[in-house]
Amino acid sequence: MPALITDKVGKNYVLFSTLISAGVIFMILLMLLIYSWEAITQNGWQLFTTVWNPPAGQFGIASMLYGTVAVTVIAVALAVPIGLMSAIMISEILPGRYRVMVKSLLELLAGIPSIIYGLIGVAFFSLWIGNIFELDTGRTILTGGILLAIMILPIIITLSEDAIHNVPDIYREAAFGLGLYRHEVIFSTLLPIARADIAGAVLLGLGRAMGETMAVMLVIGSIDRIPSPVFNTLVPGQTITSKLGREITESAFGSVHFSSMIFMGLMLLIIVLGITLIAQRFIKLRSRLYE
Amino acid sequence: MSRILKNRLFSGISWISLGICCLILVFLIAVIAWNGIKAINFDFLMSESRHFGASGGIYYQIVGSLLMVLVAALISLPLALGTAVYKSEYLKNSKLQMLSDSLIYGLNGIPSIVFGLFGLIFFVNILNTGISWFVGSVILAFMILPTIVLASYQSINSIPDHYRESALALGMDKWRVITTVLLPQGISGAVTGLLIGLARAVGETAPIMFIATAYSGARYPDSLLEPVAALPTHILALAQQATDPDALQAAWGASFVLICLVTLFSISALFIRKRTQILSER
Amino acid sequence: MSYKWLAALSCLFLLVLYACTNKESIHIDGSTTVLPIIAEVAEEFRSQYPDIRLIVNAGGSGVAVHQVGAGRVHIGMISRDLTEFEKASYPQADFVTHIIGRDAVIPAVSKYVYDAGVRQLSIDQLRAIYTGEITNWAEVGGPDRHILVIDKERSRGTRHVFMEVITGHPEAEAPGADLVLGANNELQTAIMQSNSAIGVLSWAWLNENVRGLAVITDDGEIIEPTKENIRNGQFPIIRNIELITNGQPSGIASDFIDFVLSEQGQKKVEDFGYARVDN
Amino acid sequence: MSEKHSTLKLIQNGLSKHPESVLKAINLSVWINDSLILNDINLYVKRNRINCIIGPSGAGKSTLIRSFNRINDETDGLRAKGSIRFNGSDIYDKDVDTSWLRSRIGMVFQKPAVFPVSIKANVLMGIRHHRKLTRLEELQVSEKNLKAVSLWAEVSHRLDDKASSLSAGQQQRLCIARTLAVEPRVILLDEPTSALDPVSSKSIEDLLIRMKQNYTILFVTHNIPQARRIADELIFMCDGKIIEAGPKKQLFNHPRKEATKKYLGEDICDC
């Protein structure tokens, strides 16, 4: 019965691959949880203070959390209006024959590795920011935010363009037929219909910005401090990712220092995973909305 | 009247937005291409780097990067195909389907540096592999897994049920149906996904910088547990000394080569997708 | 057909992998601070012994200690002292340090500041700058500009030595810092891109645009950051450049350390502006 | 300035020169991506009548009716020659405001496209962009137009419900209501009943017959019995050309062209 055997082996093989694929994510969560345990038990709520001084046993990650939130907010605040308007432009105003061309170019933009954004950030953006605002150094939270905005632009444009483009033509015609101007058609009918998918696109961009390491690490200045006043983003800062990128290999494996860094990684992972899953929910809603 | 003005304003803002995007795109491409092409010559591509990368070339960086991503492909392809087949052919419970979707999207959303942390804890420290290119490959394989699973799942799942039914009616067992009817179709989806994954993996820095790459002296590895040089980490090292004109020049050169690799993978993906589309339409 | 093709490819690949000649190899890993000199000596070593593979990495001190302790790496370059925790983590390991040179930790400023007249600073002034008591170059004889104080990452050995000398504590805080960077390369870049920065650098990273300052000791003596002063130990902020091994080195690792300590190696050390240790 | 001026001109011309034909196409030809869709169309749309365009699918009926309020402008690769006169002025003039034009010439489409908002908001979707309404006016407008399409009795108690909760027939009547709310002179209907069940179709047909007192109606269908039931004027189109046009009775009883007779009698087109 060799056929029966291959059938069994085959089934076990696909089952086994599935278990591995599914297991990876749990494995990662588990590892991070185990290795942050020491930091959690040793430091407790001290983890959320602002002072990070490993030799003195102080591991407060508030500055890193602040930096992560700050660069993400800047990135989204810059990328969403520009991205959404560009998506509208591509989908609703630009003649169809340019659409594919513009979108492939944007995908090219999306394919540029983050380290190259970092290089461009160091070689140009940080210098420009320094000169424009007459700063001592252009390595600031704002620089990181701008760089991230550029990185997530293609995601936001492509996904929200898809969302708007996928709204059936009958809605466009119905709205135009009522004598609405183009902007009224777009803002009062198309965008509400595509709302869920656009929200998904923005959330995916947000998650990507939050988890990005290389570009931010090179331009942010790496100082563990919350600026004063809090909204002054023209000073150096630190994000979770840049902190990890710079310091994890310097710490001794298994120490509280190491563990606290892993804890930061865990926080980042949980936040980004949450955002990604919510985003995916939004995007899947599309098919149910009409038809 | 004010409605017309608003409409004009809206058009203006849209044009400006798209203009900004195009400007950024043109700027990025121009900077990389202009600086990159100046840096590149035969020697640069074919020799070892020296003096912190400021002189010499990037031959072993290219070799290392390619080695890592290709092995990552070999690791993830069978895993992903198996997962896609299971998800499409065996997993019928809709709750489990949703869970598997969430897991795949979740894995896809994990920040790349977290993969690096995982590799550092699990492989370098617990399994004590040391800094190893193979560990880098494994981590990159995990990273591109969701892309390949989704692509192959879609192409397997899109095969109409009557193919399965008529094959089963011919007396084939389920596994025969999978290998003879479904996989040949699924593999083109998988390869497309794989190439898209590789385009991403080859440029990733954060997952491999702690666990897989060496700074200098790494050539062809002798064993699985040796570090290699890689393009992205090389660019990182060079970017940190951006005011040294030689180093910067080399960084642009390496960036340009990296972008070429990324584009090569993406375009092949596009090509294969196009070709299989034509085939399946027949 | 596709599977056969894939299978063939994998076989071919594994074959290539195992066909590689197993040359003797040693691995060095550690901090970027020590990296340049070792990388340079390693290039020389390789050219003399082409059969030996010598891989130099800069994965960071923590990773290096772990790997030396666990026996994965032969030689570690660490830019800080071993912590008690690390010593306790590897009870079987017997960490041996090898001093291969001496490095001056030099306050360095942007060219603009240097040209505007800041040529030397006293230990007290340095302390005041790093603690935030002095924030303008005008207070130390320079232009009327805010001082951009660049601190180093806390784990860096250079910082320990520097803080020890100016404040008396190797782990002292630097509340005056505006920017924290890691590798010498990065600091050098930042100082170069600014025109009001101060940071600490090893001699090897000083150049036209990044100028080293003379230090006025507490005795009032002005000591220029010259090669001579570093070599003869006059410069007040000096640290040892060390390698660590697990137990006394043997085989190639020992050969390499000997090579670094040899006339040829020490000449390289000197070329980098470090002081040699063989005399 | 210019819009106002041209609008005034349109109305004045219309009142003085063309008392009974509101809308006419003159030598209209339309291409989409270089393929000729409409070939030299000349057509008069009679005031306060149901003008019914009939013909097999692919005849260009939709393209023609969509030319009358320039909704075709949105179609990629479309090019038009000739002119369409609304009350005597060319709607393809450069300075014609399409928004104004479309609020005068309303349109109802094949598939009911209700927006994902409440029933009331759907009725007000067009009108509230054209002028500001008080809350009272909003209610008045909703009631008036929903009554006009005989939907008021069915939905008056749930105006704030999602419009998508209505049946397809109700949705189509809602679409007509919101077109009426903009107060057009002419209403274009592009096969409005083809996606509906017979009962809903019947109620819309009745509605159209009542509406013709106040509006000029241009109606596209490929359903011959329907044309027989409601049309006043018939326009038979085939292959991008108008084969024959005239009063319904004349076309059904004494067609001048053989093709018309064959199509209306046997639903076969061989032009």
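Labels A, B, C and D are assigned to the chains in the order they are written; within every chain, residues are numbered from 1.
Here is the rule we go by: a contact is a pair of C-beta atoms (placed from the backbone, for glycine too) under 8 Å apart; a residue touches a chain by one contact, two chains touch by 3 or more.
The structure presented is a predicted model; accordingly, all values stated were derived computationally and were not measured.
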| item | value |
| --- | --- |
| Of all other chains, the one whose Cα centre sits farthest from chain C | D |
| Central subunit by CA centre of mass proxy | A |
| Rounded Å distance, chain B centre to chain D centre (Cα mean) | 53 |
| Centre distance in Å when chain A and chain B are each reduced to the mean of their C-alpha atoms | 17 |
| Distance between the centres, which are taken as Cα means, of chain C and chain B, whole angstrom | 34 |
| Whole-Å gap between the CA centroids of chain A and chain D | 48 |
| Where chain A touches two or more other chains at once, by residue number | 122, 181, 184, 248-249, 253-254 |
| Contacts with two or more other chains, residues of chain C listed in rising order | 59, 63, 66, 189, 193 |
| Set of chain D residues in contact with two or more other chains | 99, 129 |
| Graph class of chain-chain contacts, one of line, ring, star, complete, other | other |
| Chains grouped in pairs wherever the two touch, ordered by label | A-B, A-C, A-D, B-C, B-D |
| Of all residues in chain A, those that touch chain D in their complex | 95-97, 168, 170-181, 184, 188-189, 192-193, 289 |
| Parts of chain D lying in touch with chain B, wherever the complex brings them together | 3, 97, 99, 129 |
| Chain B residues within the chain C interface of the complex | 50-52, 70-71, 74, 77, 120, 124-125, 128-131, 183-184, 187, 210, 213-224, 226-227, 237, 240-244 |
| Contact set on chain A toward chain C in their complex | 53-56, 122, 126-127, 130, 136-139, 221-224, 235-236, 246-255, 258 |
| Residue ranges of chain C in contact with chain A within the complex | 31, 59-63, 65-66, 80, 83, 85-86, 89, 146, 148, 151, 153-155, 171, 173, 177-182, 189-190, 193-194, 196-197 |
